Amino acid sequence: MPAPAPGNGPRFDDVLPPLVDHHCHGVLRHEPDAATFASYLTESDRSPAAGTTHFDTQTGFAVRRWCPPLLDLPAHCPPERYLARRRELGPDETRRRLLGATGIGAYLVDTGLPGDLTGPDETAAAGGGTGHEVVRLETLAERTAAAAAEGGGDGGAGADPEEFTDALARAVQEAARTAVAFKTVAAYRHGLALAPEPPAAGAVHTAARAWLAAGAGRLTDPVLLRHLVALAVATGRPLQIHTGFGDPDLRLDHADPALLTDLVRATAGTGTDLVLLHCYPYHRQAAYLASVFPHVYADVGLTLTHTGPRATTVLAEFLELAPFGKLLFSTDAYGLPELYVVGSALFRTALTEVLGGWTASGAWSADDAHRVGALLAAENARRVYGLGAAGRKRERERCPRSR
Amino acid sequence: MPAPAPGNGPRFDDVLPPLVDHHCHGVLRHEPDAATFASYLTESDRSPAAGTTHFDTQTGFAVRRWCPPLLDLPAHCPPERYLARRRELGPDETRRRLLGATGIGAYLVDTGLPGDLTGPDETAAAGGGTGHEVVRLETLAERTAAAAAEGGGDGGAGADPEEFTDALARAVQEAARTAVAFKTVAAYRHGLALAPEPPAAGAVHTAARAWLAAGAGRLTDPVLLRHLVALAVATGRPLQIHTGFGDPDLRLDHADPALLTDLVRATAGTGTDLVLLHCYPYHRQAAYLASVFPHVYADVGLTLTHTGPRATTVLAEFLELAPFGKLLFSTDAYGLPELYVVGSALFRTALTEVLGGWTASGAWSADDAHRVGALLAAENARRVYGLGAAGRKRERERCPRSR
Amino acid sequence: MPAPAPGNGPRFDDVLPPLVDHHCHGVLRHEPDAATFASYLTESDRSPAAGTTHFDTQTGFAVRRWCPPLLDLPAHCPPERYLARRRELGPDETRRRLLGATGIGAYLVDTGLPGDLTGPDETAAAGGGTGHEVVRLETLAERTAAAAAEGGGDGGAGADPEEFTDALARAVQEAARTAVAFKTVAAYRHGLALAPEPPAAGAVHTAARAWLAAGAGRLTDPVLLRHLVALAVATGRPLQIHTGFGDPDLRLDHADPALLTDLVRATAGTGTDLVLLHCYPYHRQAAYLASVFPHVYADVGLTLTHTGPRATTVLAEFLELAPFGKLLFSTDAYGLPELYVVGSALFRTALTEVLGGWTASGAWSADDAHRVGALLAAENARRVYGLGAAGRKRERERCPRSR
């Protein structure tokens, strides 16, 4: 990986443990064409406006900054040249080169997105790390409904609601045995202003009946979304919650993590941790929740990748209120291994600049800065997901950047 | 114009095309007294608190930084001295000196504000640029109602609703023939949480009847506001939408551009572009909308003028999520030619510092920085408003700062 | 007090008047144990998450930066060592050393918080300044109800509503004779979306009857909260309003000061000033209100103390829209004299860096920067609370840092 921009502070790169990317996705197994590649640089699901390109974004510029040197090209070379070289190398070699340069030792992969994507172990293997699965609740429910409908032999009238809810409860318990966490995208499906208490069984059956009868498509019913959250919380596994910006399915003001306050209060006694993902532009709100509720954590996620050289400031904004034991690193990379490179490079650069700057001014001691750097890079995630010291040792051996 | 603060980066000033100020207003034709002058430095419509002055604001300090040297006085001289010199020179010479130093080549003037103000051509002539008109929808409706009432001969009972709506539709179509854009101030009149679909004809007539019967004063009826938006969108001309801060008529939290999401979705297929003005302090939200919806643009407007040396940071915040082909420059200057100077100087300074900093750190290439600088300064606006290459050439010749 | 981080600008420390801390609380009279000490470093009312500590926050790091040298220890020494030294010195000597190093000349103490805390004069005496009282409305109402119930001899059935409201009105008027301001924590009790008009007498009696009958516990009834605000506004004393973040009783999104807009409009003609406290992360919204409504002021309060080295940026964000005559300094210190040290040190550092930076770049003149520094540090508060020139002279003599 290219060196981060020089700062005045210590080079945290040299002392950081292998990163734990606690929220990411698989990458495409096959070579994307130019338009497909560009579509992964934005949260938009639409073509760019006439006269513009998705490469003219902070994400596009960051890819052109960090990735070409890993494919033997100069930084900032034109997109066409980069894509040509990528095709020349092929998807496997590209993935190996890019993921191998991220310094990531553990990949916690949300497997709920569509596409011909690498799975957790496959992703991790390309990068020299270990893979873990994060199970997306809404996808699990949709798959469970599809399986119940197929098995029901009812000629397409949908599954029985009680059988479905039983099967769903079993599926969540089953997943909890192997997955390290659950994730909900209720922000996309309904918004975060959900009633905090678990819905009553009768209400769940009524909602399930209606949804199944309508074909069990994209799950947006708030009763079922709350039921999924309740099932996940009951397992004790950490629950990742999408908050803040994302694709245009989402209404941004309905994804403010402050809207989760009542749910946070209602889950305070359960022993289950909540991890607020991305959060931008409401990351100060997320940091506040993490500061006053012991079971709430926040994540830099998608935010650093999409803000380029501004990642430094955005990380600093997170670190205003977020206790240093409560903020986690992730790339939220999806589809392109380039997004792993960019997410990890921007995180390292931002961390070096922010903590280095505070050390240089005397506000922090160097010892504290190194300790906090390790917390954010890996240790907080290890504690929350119970990844353990054995895994840490293994990753240090496997991850070529670990020292 | 005085040179911007020196930075480490390239001097974009030297290579920028003439600016396109895509949203501004006329300036006072006559010399304002001291209190009137001060009242244009703030969005408040009230006297300052006892013991304070509107000069003690970032706008006031910015005027005192940039403008006195253009009138042969030292920067930061006391307001009284500046105003005395201004009176000495007279309004025409002051306007000529100030507008001539802005580097603006095209002025898109919203003509819907009251006062004895210069029109588009008159404003542009003083600055050596070309003028274009932006038509404010609410003012157009109020004028149409007033004309209908006068013409109706009904003894003051107001115009006929059907005649009024017919006249209004004709007025919008007429305006679209010469104006480069429409503008709505629904944020002031009702807030941005408007139902997204065009209202039915019956509802429009009912609302028009009530408004006309009440004297057709300040238009605040949400049905009529939505009808105006629908009429404007149907013309295909870009629609400028006031969002974010403004005078105290407005409730700030009702002007968050995220509240426009449903309207944005409803207009996505129309071919008409929406330009979100000002946006502060919700500019990150506006940038998000511009990043995921192809027909949405955002503008720095009023925001830079009112934040002084913080304009650099605020511009950088816009450039976190906003695609570089989607952000537009404007001064939103109103009443005082000083606000054109301040708005353009702060934009140039901020652009130099932000893009220069990113180039110096290696995050961006110098070529990209120059290209993006030209997009923000002029090219994005030219594309959105269809100003054309002929206009560009003419402005380069007329605008004394163009090189 | 240790010197702030060196900047390029002038050392405002050397020229600032004694600070007016316009919103603070008493400190513990007795030595806290380690867990109690740590609990005052956070707005959380809960134990830290397993594996984390309240010392690993910006507030914790700031205490370790600024305070150990005042107790003869190196900056950034471990918490245990600091606490041991503190016990060695005892609470009186610790308080004397810490408060004596703050440069604060006037303490406006909200006396409505529980605990064995120093009162206004006692707090001020330890720091060499003068003390003033701010009366918390909700506490006053709860005390009045308790006294009425005791005096009523009704066997615990609660006080008579009319007697209570009469007693409350007298209590507010009585308090206005000696207190410099009132404060409301309606943000914690109901949220800031309160109907703006004073409630009718009948509604107040009905609400009072219900509250008294229920035991007159924690006051959360919106009618009574509005009534308290109306009583306070009628006295003409400035009203401090908690906005923005705080302990988890509060819902952050219900504490956005923009929600006060209707109340602000309704009180615009009363002659009473409103001071918005803390405001974070909605401080840009608060600054906007202060910019357009003459009777609205904003305060940096809790925000600087909790953001450590980010206080510089946060202060700069306040100073985007806030007129320079409208922003006030406070520490919001509570329980620990360390929080007075941190709040004042961060304010001085941030002020030096922000105004010094703007002066160095040429955006501001040095004269203006010094003048604005004095406004923020003391003069704005003196004007709003009518502290007068006599007090200023006395504080300069008593406050050892005054020059």
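The first chain written gets the first letter, and so on, giving A, B and C; residue counts start at 1 in each chain.
By definition in this document, a contact is a pair of C-beta atoms (placed from the backbone, for glycine too) under 8 Å apart; a residue touches a chain by one contact, two chains touch by 3 or more.
Everything numeric here is computed off the predicted structure, so don't read it as measured data.
**Q** If I superpose chain A onto chain B using their CA atoms, what angle of rotation comes out, to the nearest 5 degrees?
**A** 120
**Q** Over half shared numbers or under half: where do the identical copies chain A and chain C land at their interface, same or different?
**A** Different-residue interface.
**Q** Could you state the distance in Å from the CA-based centre of chain A to that of chain C?
**A** The computed centroid separation for chain A versus chain C comes out at 38 Å.
**Q** Out of chain B, which residues touch more than one other chain, so two or more?
**A** Expected reply: no residues.
**Q** Which stretch or stretches of chain C touch chain A in the complex?
**A** Its residues touching chain A are 5, 42-54, 56-58, 61-62, 65, 75-76, 245, 247-248, 251-253, 280-281, 306-310, 313-314.
**Q** Help me check something: in the complex, which residues belonging to chain A touch chain C?
**A** 256, 258-259, 261-262, 265, 284-285, 288-289, 291-295, 316-317, 319-321, 323-326, 357-358, 361-365, 367-368, 372, 375, 383
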